[in-house]
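Working notes, beginning with the structure itself.
Labels run A, B, C and D following the written order; every chain starts at residue 1.
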């Protein structure tokens, strides 16, 4: 039995990272508005894998669809959400790329504005804390988003209220063109969080095991009533900020140096070394998943438009679901 | 020559603190909407004394009038501003208590919302930095205000741009009823600022000399292009948050313990010990200033109302000054 | 009125465990201007009354998140001007969730805010126009105790974010009997005084002032109908239209800023509902387009007073014009 | 249009050292959607182009402070929806300074923001109603390159905070000749097409759409006058009133949210200026009161299109009604 079927931790994560990469790369080909997440998979897979069903997931926008996949979302439906077509979970009303699976246990972005979802995540943690039961929230955000005022306010409030939440800074070293080490003055987000009374740790964000283990330690603390923690995961945005980013703000040497640390290749190597996979099997599996997701995304792209009628109100009572089923 | 006339540093500061206290206490008697600053004088006098004319002063609202006095404001006119009467510098249009002397070199509050003036102060610092010339900004804010998102954003931006600014956290241990050590999770504002790359220092906020010396060190750094600093001055709000505060959230023992550390009495004792003042002279001087300011404030209270016509626009071009003098 | 609001919150919290109250000084202090009086003793131990740092965006942001996760938060934001700090979580996003998720997710959230001129001498701006511009956000503003109780219960029960505006000149007025059984719905205006000579529309402090003006007008033989909108969003334009159509004249009395606010939206909705022309003249009595001045005399001149309402009503009423 | 805006900023910066530009990615990157193209090379070394972290409140807050201290900042806020993060420094406070200091202090500040549906597929909300509600804040929105140049120069020269809205469907349209000598003032509408059968009022993308509709209408014998407001605040109601009075019918075409926004404020100002009754019918063509939907077909249905304008104009125009 190879890593393709077995459920060693690393094998599971590797497959999740492959799935994320395959969806991501298909989107890069078919969607000019996509934000590529290549290179950062170890952060969001490590941070969001293996949680309980009643935990709340609040991913960073870059990687949000991958986290939905991790939770079992159907990639065809996810893709429909991204394209805003008829099968979109929102009926085409809203962007499935940054808000793939909004619900009581999944936080998305409800405008294009960064930072607020961290507050929503902490609010969910407050709700879980009041309900008891030991569930928690994982909230990821980018290095750039870390400088938003609402993030600072939320970290303080989460610490003051000892909320069951694990913050993950997915530091891909850039906010579009601005380097994180310029924009984030001082010694970085872990030091900031510590100053707020939040236990923090620095991890290699290209090592899925390291991210996962840090998450587990933080999760144990949160479930035991020990309050919030922060994980600073350093990784690299291997692609541009968006499609057709001229990338004049960084050198190709830098990009190449980080390409050599691709978290997928790294996990695959570890599996091969552990005898759970041969290089050929790995390559074949990846090819297959890339092809499968290419197929799904290409099909989704050509789907029927939403064609939903425009409602004459944004109030909850005017939405179809509530009109049909009464108050939820 | 006693401390009443001489210009030893401590004597100057002591007189400034007496002036602040006298204005403050007269307002307590005559204005039900006043926010008493008793006990915190060493912070704002130490932080704002002895600056250059081209430096920008951005005091915390509690102590703002005292800082105006320090800059030579006429107490009668200040009081008119507080009461919103005819002689108010704003013609009665705006609150003189929290915005006593707004101008290119003095930042006030332009609504009742805390936090923004810290950003305005940093903006002034950016303006001064661009102009060159070695001038700087001193920006004070309360322990409660420190938790506002815009303050966190501003500290980071000031550090990133290495602005010539000295931040002073006037920690009187409460935001209305909420204790600073509860609301400010973690190890306090100095640690926070350090994590943002801002050199920070803790000082005894009831020791005017300590505050001033910390300010001088920070000011020297700023003038030399060394960027921002932060001073965390621990003091105590001896009175209620506002007049008629029931103060159910703290014990009278706590209040009494801090009353024993009154910064005015402390400075006066030091002057007596240094032979610059006798206790009698001190007492007499204080009595006199209290009586003088009582007179000024009592008179201001009964002044004519503003009686200004209401303009039909808030645009700059419709204000009297611009209409009279053209573009400034 | 303040006690009726607190009673509504207390009754709702006793009924429903998922409600919590967060705000600055809402704990042992009892709330700014007694806005949470007695709640700490009843619900504090259970962790349902949360004293907050000065972090308005996060107060509202966490409330939006908690609401999506199953709680029913009430945030006491103290003063309406602080709403300007919360527009992204509250209005741009929180109010869009039901629409954007096609009803899969809702944000049942009440944000309380004091506003208006009053004994506090500050923090008077109501920023209502700002709030009204966002789709999906409800806004209630009671003018008396019974409405306050009913509107607060309705706001808490609602599936949408609701801003609940508490006028500082009304909060601690004369004691009123509270009818807790009144069926008050959001978006429903109330005729506070019937009349046939003209319609006066108002909210908040402008309602008692309009009622006083109506009594003066009655002495001069002009019978004004006074409509209290009670909610700014949804805005009960049907009620206003029916009344003004019947009386033949409309006077809108408004305390908040005059541009793109309640007065403008009221006339726009009337026009939309009437095929583009109105069969009655419309007069608006409201402040000039400036911030609220601070000086007591300037403030008094800025906000419509009873005499100004009487005068405007006389000028607006066809009944007066005819007898002239 | 984008190049005209950048040219206006570049020309102004060359003239006046006190101007700086702050924004995310305005440095070597060249600005989001090329909004600062070439400025880094010209002014970057002098420290006048400042790349900012994601801290919109502080970007605008520092700009307000810098403006009070003597600078003339331009903030590129990228997208208009981010304005919701800046309402306290920009609108509640920055826009009140001239009034509150009785003119002793002013805040000459320009905040740029992209908005509107367009190639970007996101960030389309313009939040204009929110902005319009605040006294003291000016709002400009060009519909073409020459106006864009002139309005930006006027905005930079102004003593008030000005929000400068850049419609994403117009920024990178067909190349236009730019008349840099045009005297464009804030608060002054422009008749973009004369006509006598009805008046169409529009801004931003709705202007070219209305002009296209007017050409179609002309084929059917209806001559529409098209007025481009160009500024939402101050709003040139006199121009609209004169035109509508002359043509006998008014159609307001608006892309932004329908409540308490430009359409409502326009009708309110017309009523205020006309003694409470209008001598022409008013039709409003605008989106439903919901966020902008994302799906391409839904978005197209949401925003008024040329055909809808033609239809609404025909229904509104007395000329058509007569010939029916």
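What we mean here is this: a residue touches a chain if its C-beta (ideal position, glycine included) is under 8 Å from a C-beta of that chain, and two chains touch if they have at least 3 such contacts.
Worth saying up front: this structure is predicted, and the values here are computed from it rather than measured.
Note on interfaces A-D and A-C: more C-beta pairs are in contact across A-C. Distance from the centre of chain D peaks at B, each centre being the average of the chain's Cα atoms. Rounded to whole angstrom units, the spacing between the C-alpha centres of chain A and chain B is 45. For the pair chain C and chain D, the distance between C-alpha centroids works out to 30 Å. Chain D has its Cα centroid 36 Å from the Cα centroid of chain A. Averaging Cα coordinates per chain places chain A and chain C 40 Å apart.
Listed for chain C are residues 52-53, 55, 57-58, 81, 84-85, 88, 92, 96, 99-100, 125, 135-136, 289-291, each touching two or more other chains. Among the residues of chain B, those touching two or more other chains are numbered 90-91, 93-94, 111, 113, 115, 147-150, 153, 156-157, 160, 182-184, 311, 313-314. Against chain B, the residues of chain C that register as touching in their complex are 24-25, 27-30, 32, 51-58, 79, 81-82, 84-85, 120-123, 125, 288-291, 293-298, 301-302. Within the complex formed with chain A, the residues of chain C that make contact are 20, 47-48, 50, 52-53, 55, 57-71, 73, 88-89, 92-106, 135-136, 138, 158-160, 234.
Interface residues of chain C facing chain D in the complex, by the touch rule stated above, are 81, 84-85, 87-88, 91-92, 96, 99-100, 125, 127-130, 132-136, 233, 257, 259-265, 267-268, 271-272, 275-278, 281-284, 289-291, 316.
Chain B contributes residues 147-153, 156-157, 159-160, 182-187, 191-192, 194-198 to its touches with chain A in the complex. By the touch rule above, chain B contacts chain D in their complex via residues 56, 89-91, 93-94, 99, 102-105, 107, 109-111, 113, 115-116, 118-128, 130-131, 149-150, 153-154, 156-157, 160-161, 311, 313-317, 319-323, 327-328.
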